[in-house]
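In structure tokens below, several structures.
In the two complexes that follow, chain A is the common piece, with chain B as its partner first and chain C second.
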Partner chain A sequence: MLGQALRRTAQMTLVVFGVVTLVFFVLRLAAGDPARLLNQPGTPETIVQQVRERLGTDRPLLVQYGHYLADLARGDLGVSFHGGQSVRDAVLEALPNTAALALVTIVVASTIALALGIAAALRPNGLVDRSVLVYVAVAQATPAFWLAVVLVLVFSINLRWLPAIDLTGPKSFVLPVATLVITLTPVLIRTVRQSFLETLSEDHVRAARARGLPERRVLLVHGLKAAALPLVTLIGLQAGFILAGSYVVEFVFNWPGIGKLTLDALASRNFPMIQGGVLVAAVAFVLVNFVVDLVYAALDPRIRLRAS
Partner chain B sequence: MQVEVGWNGERKERGMRPHDRANEMLEEAESRLGRGEISRRQFIRLTTAFGVTLAAPGFLAACDVGDDAAETPTATGSADGGEPTGSVRFLSAENFWADWDPYQANALSQFRLNKQIYDYLLDFPTGDLSKPEPMLATSTEQIDERTWEFKLREGVVFHDGAAFTGEDVKASIERASGATDVEVVHAGSWVPTTVEVVDDLTVRLKTERPFGPLFSALFNTQIVSAADLAGKAASLKNQPNGTGPWRLVANEPTRKVMDANMDYWAGPPRIKEMIWEFVQDPQTRLSALQAGQAQAIDRVPPEHLEIIESSDDLMLASVTGIENVNLWWRPGRFELRDTSPEFRKAVAWSIDRAALTENLVLGQSAVADSFVPAGALYYEPQSPAYTFDPDQAKELLTAAGVPDGGPEFELWVASGFLPRAEQVVQSITDSMRQVGLKPKIITTDIAGMVDDIFSDDGTGAMYHISWASSGDPNGALAQLIGPGGVWSDKDKRVHSLLADGAAETDPDRRGQIYSELQQHLWEQTPHIPLYYSDFTIGHTKKLVDLRVLPNQFETYFYPASIQE
Partner chain C sequence: MSGLATTRADELTAAAAAPPARGRVALRRLGRRKGSIVGIAGLAVVASVAAFAPLISPYEPLAQDITNTLAPPVWAEGGSLEHVLGTDSLGRDVATRLAYGARNSLAISVAAALIGSLLGLITGLVAGFFGGWVDSVLMRLGDMQLAFPFILLAVVILGVIAERTVLHLILVLGVPGWIVYARVVRSRVLAEREKEYVTAARAVGASGPRTLFRYVLPSVWQVIPVIAMLDLGFLVIVESTLSFLGFGLTPPTPSWGSTLAEGRQFLVVSPWLPVLPGLAIMFTVLSINLTADGLADVVDPRLTKGSFRRQMLRLPSRYNRDRGDDQPLLRVRDLAVEFPLGERVVRAVRGISFDLERGQTVGIVGESGSGKSVTALAIIQLLDAPGRVTGGEILLDGQDLTRIDRKAMAALRGRRIGMIFQNPASSLNPVLTIGFQLTETIRTQLRLPQEKAESMARDALLSVGIGNAEHILRRYPFELSGGMNQRVMIAMAMAGRPDLLIADEPTTALDVTTQAQVLEQLRDVTRASDTSLILITHDIALVAEYADAILVMYAGQVCEAGPAETVIRDPKHPYTRALLDSLPRADTPSGARLQAIPGELPDPTIVPRGCPFAPRCPCVLDISWEINPELVEVGPGQTAACHLWTPDEARGAAR
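Right, the complex of A and B next:
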């Protein structure tokens, strides 16, 4: 067990290391000199060079990389190119906001997916099933940024029920979470529905019914447990989507999270801030997958047996 | 009312606010609007052109409903003897790139923030750099072509309580102008200038050589405490200490919170708290304004104008910016352009600029007719007005020896920078292709474009981009096409005229020089001026007396107020 944990930790570290390395080099090899962007045209080259020296972008790439890794090992993510704020502080301030958004989204999306997926699977081709499938088709075809704007227009500007932007309290979660949930649920509902349909036709469910177990128990104990497995897997796989999806949502709703922090930094080539944002996203991604593996093992004894 | 001697011996009434002078213009504009001689948008342009977006929401509302029953809100706040009230949240379109280190940044967002926190020797409430008004200086006199004397205002204090004196002016001007050992970015728009402190309230600025754009340089140079510059410059990076109407109380990367300076020499601001926040997405800014979560938003794009104009609660403040949106040729990258005036003119005749401004930028701009922006000093419209004339363009291409239009060249456009840039460039390339030219569109972001412009191995021949300025032709042109400028053709006549203009202090003679320069540039067509883009702020009608100027996109919240 210890060996497996160590192996997983090494794998995760390698993935994060690979991501931060890739981002470090891609940022610097892509077009866009931060020092030049900080100055107006006509600024003497000596001044621009001074700015490069101040930012450290004048040094050879591998030297910059070495400094970056050394700082990273000490937990130092550097300082912003603009204003000199600590990247670690900025990231730590933004992280809980993104985490809260992602968590609420996952809880709401999973609940809706289970409810609609099971309801649809109980009577295939029935009215509920067809309605759910129509919702899935429409939601799948709806872009998140468009949906966000429409929701703001209706609920914030016309009805004045909810804030249009910012994180100012519980009400602020409604529109961003709704946007993410509507974008996320189609694939989850399809998976739950399909999984439940297969489960309901399996021998152990039929056996349970034959034993005279109440239908509710058959569905919630025997059916749900089996149907939950692919849902958990999918949520793990969708963790990246939730993070990436929340980038768009954070941007549109001015949500003070990692996504907004990174996108704001990207436009101005604020390398340390981008690297900090991507690092957090990478760590979150591997951790979520790690947790999913644990949950999966808890739900499915075959996984535990294989691991042991 | 206290009376003191102002510019050139004029008597001025102390306490007279810029909008008092502009009220006459407002009345005239209101009258013309009422008679139907001008549109609502022209009305907004006219009023803001005189330096302030005046308290006209009631009037505009009356026009909307077609009667005179609309109520004009009553101002509250310190100007009426009350305490500053309310909070204004302004959503900026430009990130706060720089820190507060004095004179070490020339980002527009930093200038606009500095304006709220610092004072300047002179104020330019109409945006006309030839018409200064008192600020920290109460009068000025030109002693000779290198020396200017300024009388300073008494009783001014910095936010930290220190008294303002001539020593602060000396430290600030000498640092900003590059007359000290400290190398600063601002020195690029100055000539080294020393300051003699005659007494606490009198200083003499002596420029190293005659310097025509002195007022333009002063427009950009905030006055910082000498003690801060001497000892605490490092702390100034995070905590500015000015004499202006607001004090910085929270300095977050994308959010700046300011409180009213109750000791402000001209009286406390009417707004108690001001929040400037960077919000990149125009739709998000608009949503916040419509939902009442922001009171003013930056850079309203053309597609949002109608939404704001049709709102009962919102209004626009729009001025034609001192910003040329041009197609800039990068010298040395496309030989035909470098060597053939006929080819350059053929390109100029191949673009339908009127259609661009009317249909794509939705009238949020004016067709450019000079290399000096329309709002800048000494601007003179040129002729011929290059219109879309395919026959003329083809004739010129034949004269240039390339009847087939010549080889392909890269035309770069930055996505998400200028309004509708990609559509504008697509339209331009379509019309260019009609005469045989072969532009190839390269789309990137602004960082990628700037990198390609300045890189030795850049591949772009032409770029769709704009540069803003303070409103002096020296600032608008010298850094771009002067010696060392990336867009410079090393045209000796251009360089000579630019040098003459910068060194000339007599306004009439400067005017002649820049007139000659504009004619020469129009004739040579080294680049293609497209249009002067508008600078448009959207705000709630409750926010009145907001000053919106094209110069460096100034957005000044003193003495604005937020109505109950």
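Right, the complex of A and C next:
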């Protein structure tokens, strides 16, 4: 058990380390000279050089990398190229906003996926099933950014029901969450429907019926638990998708989260801020997958009891 | 990589064993789905628009017209045929830009899918052929990449490149897809190698890579296009998302994503500007996905399962209900069960009849495929779809089970008819404790409160010989032995004190030492509550020991029936004799070979003209090939369906 925990921690650290290292070098090798970008074109070389020294980008690449890692180990994410704000503060300020968005999305999307997936599986090829599958096909083909724009057009501009941008209160969650949920549900619904259908054809479901259990109990107690397990795994698999979706949604809705922070930093070649944003996202990514595995183990006694 | 493509690819991997469809079969399957026809047509439209964009576009994609900016489309007020879809903020023709956008989006996505599939094909073949450390390194690399938030890197890489070219986008989008293709290709290679082992039964070295290539590539060619199609739909969306965020092709090159992003600035005055490119993307991706579904259906029709619903035929009653006191507990008359299988029909049970008295045990014996389990499932009305009762009656105390509604039948299960199955481990819910499942059953059947049910659960376990009931109740099925699980199943089935218990091969999955214990337990509990038992088995020796009556089934029919003792001592049907000859006996000289029955069961989709056993029968007569014999009385209470015993032939028979 302890060995497993250690191996898992090492694995997660390795993934995060790989991401930050790759990003560090990609930025410095492909992104051009941030000192030039910070100054007007035609600024004398001596002044640009001073900026480089201030930013630390004049030193050899490996020295910069060494300093970066040493700072990282101390929990220091550096300071922004613009205005000298602490990257850690900026990231910690943005993180709860993204986490709230992702959490609400996962809860709403899972609930909808379970309800629609099971409703569809109960009568394959029935009216409900066909309607759900049409929704799945259409939602699957809908790009999140376009959906966000259309939702704003309808609910903010035409109907004036909901705010179009910024995080100002609970109402602000509706459109971003709706966008993410609609683009996330198709694959979830497909999986729930499929696994529910498979569960229903399993021996133990037939045996439960043979014992005379009411159909409702067979479906909701014996079917649901088995069908919910793949959904949990899928949420982990979709963590990257949710991450990408939140970049788009934060961009469109001007949501003060990690995605917007990273995209803004990319546009202005703000290296420390990009690195901070990516680091947080990578940590979140591996942690979500870790939590998913824990939840799975808690739900499935076969894994829980074999591990101990 | 999208979750969809990954999960679908896994499904296809699982389908690796299915024989691939070819030629007309493939086309027919593709055409069977209306969706795939619509998808292919839609894809053809988008592809031709992309291919012929310069020919069909009335304007140049970059041509500006400052005098005519933000012109509305033709259907809106002020629109004109000059610019069918209107113009953008620089006066550029929207229709033209969308057509050229299709060109760019599709070209990039198709190229990315090609790169991903090519890389995956090569790595998958390499991993499958070489195996060993090459395989584990490649697959570990793939796992790591799947655990890697690649989308982050894609955004950063594209975000920092100042002059993004088509090549940059193709590589960043295409390369990460390799792992999905590689896994499928690898598993197909491994499956083929496996087959090689079995059929040729020779060392790996004997079959060179060239032979493997010949077998593997055809099946790989079938799967790659399906995954590539799924991948393509995802890539079109990712490409346009990156363009929308400003990380796509450098402006002013038209792409759907960037056109949408530009149009977004004019959302209030010209809502069509951002809406139209989105519709183009949706149309394209929908067409691609529908095509992919159709292709998946061609590769493996199992992936698109049809109806699972239980079907019930309403049959006209042809029998006079005999409600007299001499009526048996169970009376089965001319029961027929069929499974439609595409254009053919499996006739699993073809008109069987028998009676079962209260407290009696009947053993149904036969090879697998003889229809004995299907008979059992028909009685308890739990046939797997699409199986259905197509004829006959099943009377439980005079009530026809084929004619009562679903709810009434559910109420009978457990309380009047119980059933235990062949594999006890898979017949219990793996994620619920024994205690939960047993208590739940007792509560349902006896309508008892929780505490009462719990104490009854302990008693129920004790009654099937489980001493440490308290301990077992807290366990999960996977923690118990097969024999223990089967005892639990018996306890559950008997909890409602049913009049009839069906045991379908109850000990086949158990090891020999526990078989006898479980069967004795079964006999004891059914005797104690005067429950009738249908014992289904392929082992005629068990029936001899535990049953009062015997029913020998062959190819969906009864070939011999009667009191167990009589039939075992003096079998009349050649098949029953063959079954008995295949048993080891006390007087069998050690070293003598037991008689196996040569031949196989007939094809269940073809109704034989004569006796179904004729091809395997040692005493076959000329008439056996022409007429299917009926059951005739051959002794006290004993019947057999064999021309050796039909009245006309009996005299001439060599007995």
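The rule is short, and it goes like this: the second predicted complex is superposed on the first by the 303 of 308 C-alpha atoms of A that agree within 3 Å, B and C clash if a C-alpha of one lies under 4 Å from a C-alpha of the other, contacts with A are read in each partner's own complex, and residues count from 1 in each chain.
Convention: contacts are C-beta pairs under 8 Å (C-beta built on N, C-alpha and C of every residue); 3 or more make two chains touch, one makes a residue touch a chain.
Since this is a predicted model, take the numbers as computed values, not measurements.
Clashing of chain B with chain C is the outcome of superposition onto chain A. By the touch criterion defined above, A:V152 lies against chain B and chain C together after alignment on the C-alpha atoms of chain A.
By the document's definition of touching, both partners, chain B and chain C, reach A:R269. In the superposed model, A:G83 makes contact with chain B only, not with chain C. Of the two partner chains, chain C is the only one touched by A:L200; chain B is not. Of the two partner chains placed around the shared chain by superposition, chain C is the only one that A:V248 touches, whereas chain B remains out of contact. By the touch criterion defined above, A:A30 lies against chain B and chain C together after alignment on the C-alpha atoms of chain A. Applying the stated contact rule after C-alpha superposition, one finds that A:V19 touches chain C and leaves chain B untouched.
In the superposition on chain A, A:D166 contacts chain B only, with no contact to chain C. Within the superposed three-chain arrangement, the count of touched residues of chain A is higher for C, of the candidates chain B and chain C.
Judged by the touch definition given at the top, the superposed model places A:Q238 against chain C, while chain B stays out of reach.
Shared contact residues of chain A with chain B and chain C: 30-32, 149, 152-153, 157, 251, 263, 267, 269. Considering their complex, residues 11, 15, 18-19, 22-23, 26-27, 30-32, 123-125, 137-138, 140-147, 149-150, 152-153, 157, 186-187, 190-191, 197, 200-204, 206-215, 217, 221-222, 225-226, 229, 234, 237-241, 243-244, 247-248, 251, 262-263, 266-267, 269, 274, 278, 281-282, 285-286, 289, 299-302, 305 of chain A touch chain C. Of all residues in chain A, those touching chain B in their complex are 30-34, 36-44, 46-47, 50, 80, 82-85, 90, 149, 152-153, 156-157, 160, 163-166, 251-254, 263-264, 267-269. For chain B in complex with chain A, the touching residues are 95-99, 105-107, 183, 185, 188, 237-238, 251-254, 278-281, 283-284, 287-288, 290-293, 416, 444-448, 450-454, 467, 478-480, 482, 484-487.
If you check the complex, the residues on chain C that touch chain A are 2-4, 6-7, 35, 144, 147-153, 155-157, 159-162, 233, 237, 240-241, 244-246, 257, 260-261, 264, 267-268, 271, 274-275, 277-278, 281-286, 289-290, 305-309, 380, 382, 384, 406, 410-415, 418-419, 421, 423, 426-433, 437, 440-441, 444-445, 476, 478-479, 489, 492-493, 496.
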